[in-house]
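Naming follows writing order (A, B, C and D), and every chain is counted from residue 1.
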Amino acid sequence: MGLGNYFKDIKAGLTSAFEGMSISLASLFVRPVTVQYPDVDVKSDEAMRENYNGPLRGMPDNYRGLLDVDLEICISCKLCEKACPIDCILIEDVKIDKKQIVGRNGKSTMKMKSPIQFDIDNSKCMFCGLCVDPCPTGAIVHTNEFEFNRSDRSQLISRFVKADDRAQLKVRGAEIAIEDAKAKAEKAAKKKAEAEAKAKEEEEASKDQSEAKGTKE
Amino acid sequence: MDILIQTIGDIINADLGSPLAAFIALLLVSLAILGFMSLTAGGLSFIERRVAGRMQSRIGPNRVGPQGILQFMADGLKCAQKEDLIPDGADRLLFKLAPVLCFIGVFGTFAVLPWGNGFFASELNVGLLYLMSVTSLVVIGMLMAGWSSNNKWSLLGGMRSAAQMVSYEIPVALSLLPVILLCGSLSFKELIGAQGAMPWDWNILNSPFTFISFFIFFLAALAEGNRTPFDIPEGESELVAGYCTEYSGLRFVFFFFAEWANLYVIGAVAAAVFLGGGHLPFGLESDIVSLLVFFAKSFFMVFIIIWLRWTLPRFRVDQMMTLCWKTLIPLSFVMLFGQAITLLIYHELTFLQSIVSLVLFAICVLVGVKFVSRVLVNIKEQKYKMMHTLTGS
Amino acid sequence: MVKEELKTEYMTINMGPQHPSTHGVIRFVIKTDGEIIHHCEPDVGYLHRSIEKIAELMPWQSFIPYTDRVDYVAAMNANWSYCMAVEKLAGIEVPERAEYLRVIVSELNRISSHLVAIGAADMDMGAYTPFIHALRERESINDLLELICGARLTYNYMSLGGVRFDAPPLFKEKTLAFLDHFEPVHEQIHRLISDNHIFQKRFRKVAVVSADMAKKYNLVGPNLRGSGVKFDVRKDEPYSIYDQLDFDVPVGKGFEGVVGDCYDRYIVRAEEIRQSVRIIRQCFDKMPEGDIAAKVKRVLKPPAGHIYVRTETPRGDAGYFISCDGKTSPERVKIRTGSFTAMSIIPELAKGLFIADLVAVIGSFDIVAPELDR
Amino acid sequence: MSPIYARMSEVVLNIDVVLNIVKDELGLDLVQDESAIEGSSLVVPSESLLSVMEVLRQHEKLKFRVLMSQTGVHRGEDMLLFYHLHSYEFSHTICVLCVVPAEGGEVDSVSCIWSGADWLERETFDLLGVHFKGHPNLRRIMMPEDWEGHPLRKDYKMPTEYAGIDNTPCSLEKLDD
């Protein structure tokens, strides 16, 4: 290491520190980017514009927060349950009276079944959004709610079907099941009767034919 | 004259001749200094965190008290409540003694530190020498802490700190020598008294040699105070927390207390020896004003230390030793001889000194202007150009 | 008089898994002679989540969110590798607009990932301010990616055959405004830290990886290019629309020391950020209108066979080996990541370094623990 | 696009060339692996794997200096070992398939040819239980040292407990009222 290097070293050290210090001093005079979260309403555009300098204003429309289900338009097709990679959705359903509903996408569908249990385990959910994509009516959606601390893990399970509704639906479901069974039995009986009648007819026809043949002969 | 002791003596209205009264007065003085030291250390911890926060585009502690000013008290209280852990297999006596030694090493320096132009706790005629020697206690404390913790990271930290501090005491002492040569004394009172009010009358601008000596002193003092870029003994990304890895609760507070108090010591020594003490131009000299001026200068130095810490990365241990032995020590020898020769020349040509000082001052101002312009450019770059017209989400 | 011989022995130190600078949970068992490392044995697997096993239990689409977790610093790129592999396997054509959107988001993600890499390397060197300045800019990128896909870190943005969401209105304007702001700030971060003399001293001529050694250990991505090998999957085996884009491949030239030292690897990342900015600008100029995803059957059954696809992620080419037996879920997915091979070179590199250098080496290799263990 | 970059699609490696080279050098008749969707792939018997790999690496028309990936697939009775090689000089890739029995399968380690194979083979050993002969340090890498079984085998049973930690997956339960 020659003397030239020695002074070069010192010079490089000083000049780079000079520039570095000018930059760190500069940030002393620029507004901090911290959003003091609980004090600032991060969901509002206005509050965020005042408190944060970055490209985001408020929360985006498609923010993937807590899942919410609109049971009115849920047709219990269980596509979300199948799509979920970690099985954090559980759906149990009963048949209900047929009902015309309009989905979030504007299409009207016939609702034949309704869930009596629609549970989402938020302690497992990873907010990937795969359940939202296949939903035909748009019943399951991400809200922009992200504060869901609970004191107990069991409270993290959101049960969307209320106990009253569940009981009601269950009773009605049972009735419908009985009606269905009745209808089915009737249908079956009818079918049977028809089949019998047909067979009889055919028999008669063949009889007739044979008779006709007989007469012919 | 020991003004502080005198003042206290006056207040309690005692005859300082009697041993008991003198003892009580001394006790009160040390308590006052302890109070000052704790406030300074605590306040500095707060200031450092706020400054660091703003330099990193965040806010820093702002919850406890107005603007977070009571944060250090909350931290102290929290640490006091923590369990005092002593690791299994630790050398218990040394483990307990180490933080105390560190603390004493720093606390002792306050005995001779000036508080303004005329204020001293005790005015020693070998003040600088005393200061240098009493700070060596800190090395022993850190080495003890590292050794007694029964933790390998602590041990490495302790060894590093021993190597670092022992080495850097030499450039600290050597870089002070040109000034001592200039003023002809080791006493802080005379060191301050030898300087004038205007910047070109300060020791730092006396000659190019004292100017460079100041930087050597500053760097070496940083290293002695374990500050970035020399925070190798406790570099958290390498040694977890170095020598104080195993400490908790109040013992940990002692270490950090010592560290922040040490910051002030560095600033005060630099202000007293190089930056003209508490002098004020235009005949505005008075005790209280000099006190304030002195504090302002010390805290400005402290701010620079904090600023450096949040700008620079850390040296590697061998590079740090290289810097000490191959750069700073030879350089400080050159400065010592250079200053000796300069003094001879100044003796012959008295007008030369003021010319050199003015030129140096002009250079400083130019560098300052350049610096400010760079800062302005950087501020402009960092600001996010808000798109007020584009508000859709 | 008994003459006692002085005995020296190596000190075994356990570095990690909760050591502050091991970038996640990695453990090193190091034998040191004072400060100098004599032997270093990395111990990985603390973040092993059996993602490859999970893949075998999943339908093809459902595995995409798991690829986010392979490398959470650059989730878009990991998404893409998997999607591309399955698309090639099943013969799915991706619409052009989707390709452009994919390039934009993954280049944005590359910038943010490199910012983390650079910042973490700075922080390991003891410089905190540049780290937080880098993260501040990364936050803006996260905002942009949140705008387009609704998540900030684990995006799950790509789907088989395209992307899941179209770019929202003002996405282009906001991204371009961010890039205008970002370019000078990026230079500023470099003036703050990369040009710093102490930083350069810490990084240059440390842990030199020669080109031969890099090939032998199969280093990839910026680590490989830092050693002077000009290979970038985006250029040399162009996929998607990269052959229509104009960008350079930076290589290590021994900027402040020798080719292949820590500083080269570091500065190659910095240069790649600039190239990514160029790519994003071009993409916005050229992006056509149209579909964003091809129609893909919900229950996918690709033909039997195996495929190895690699894409350029921020940590080198991520190789996705997929073996399919014609069923609704993969038979085997093997994820070959850059961090894994970068880690395997460390025992050889670490010999004779200081403990502080080991930290620098990990920082310069940009090792991300979840990608290492999967 | 600048012309210095050789595009992979332009430099397609002809599998017959490789087969011929191996035949010339070693006198082995190898076959092409038809199951590869993209790129060229060849099947190598496990006993001659090391010598074939050596040829692939050393031959001046091939120069496969990099082992990109090494992995295995457990399929029925067989363990399929895949080696993906790449050459930076010619910018071409090849896949080598080697089939060993799943139970007690053994194959020569290629870590003496490519140092990077060390960890890749350790991973394959750990997750699939293939034994690599001549490997310098064949230990578990991902799983703990005392783990039983090799998780990526198809016949692997998920443990319900490890080191006293319950491992049964929790799932939502149907209400019954």
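Convention: a residue touches a chain if its C-beta (ideal position, glycine included) is under 8 Å from a C-beta of that chain, and two chains touch if they have at least 3 such contacts.
Since this is a predicted model, take the numbers as computed values, not measurements.
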(request) Average the C-alpha coordinates of each chain, average all protein C-alpha coordinates together, and give the chain whose average is closest to the overall one. (result) C
(message) With contacts counted as defined, which of the two, C-D or A-C, has more C-beta pairs across the interface?
(response) C-D
(message) Between subunit C and subunit D, what distance separates the C-alpha centroids? Give it in angstrom.
(response) 23
(message) Counting only Cα atoms for the centres, state how far subunit A is from subunit C in Å.
(response) 32
(message) Distance between subunit A and subunit B based on Cα centroids, please, to the nearest Å.
(response) 61
(request) Note the residues in subunit C that touch 2 or more other chains, in rising order. (result) 129, 133, 136, 140, 147, 168, 174, 177, 188, 192-193, 196, 198
(request) Could you list which residues of subunit D touch at least two other chains? (result) none
(message) Residues of subunit A that contact two or more other chains, please.
(response) 9, 17, 19-20, 23-24, 27, 33, 54-56, 60-61
(message) Taking the top-of-page definition of touch, could you list the pairs of chains it picks out?
(response) A-B, A-C, A-D, B-C, C-D
(message) Give the list of subunit B residues in touch with subunit A in this complex.
(response) 51, 53-59, 307-308, 310-312, 326-327, 371, 374-376, 378-379, 381-384, 386-388, 391, 393
(message) Give the list of subunit B residues in touch with subunit C in this complex.
(response) 52, 55-58, 152-153, 156, 159-160, 228-229, 231-232, 235-240, 310-319, 378, 381-382, 384-385, 387, 390, 392-393
(request) Please give the residue numbers of subunit A that touch subunit B in the complex, ascending. (result) 1, 6, 9-10, 17-30, 32-34, 36, 45, 49, 53-61
(message) Looking at the complex, which residues from subunit D come into contact with subunit A?
(response) 171-175, 177
(request) Please give the residue numbers of subunit C that touch subunit A in the complex, ascending. (result) 58, 61-66, 68, 129, 133, 136, 139-140, 143-144, 146-147, 149-151, 154, 156, 159, 164-165, 168, 174-175, 177-178, 188, 191-193, 195-198, 298
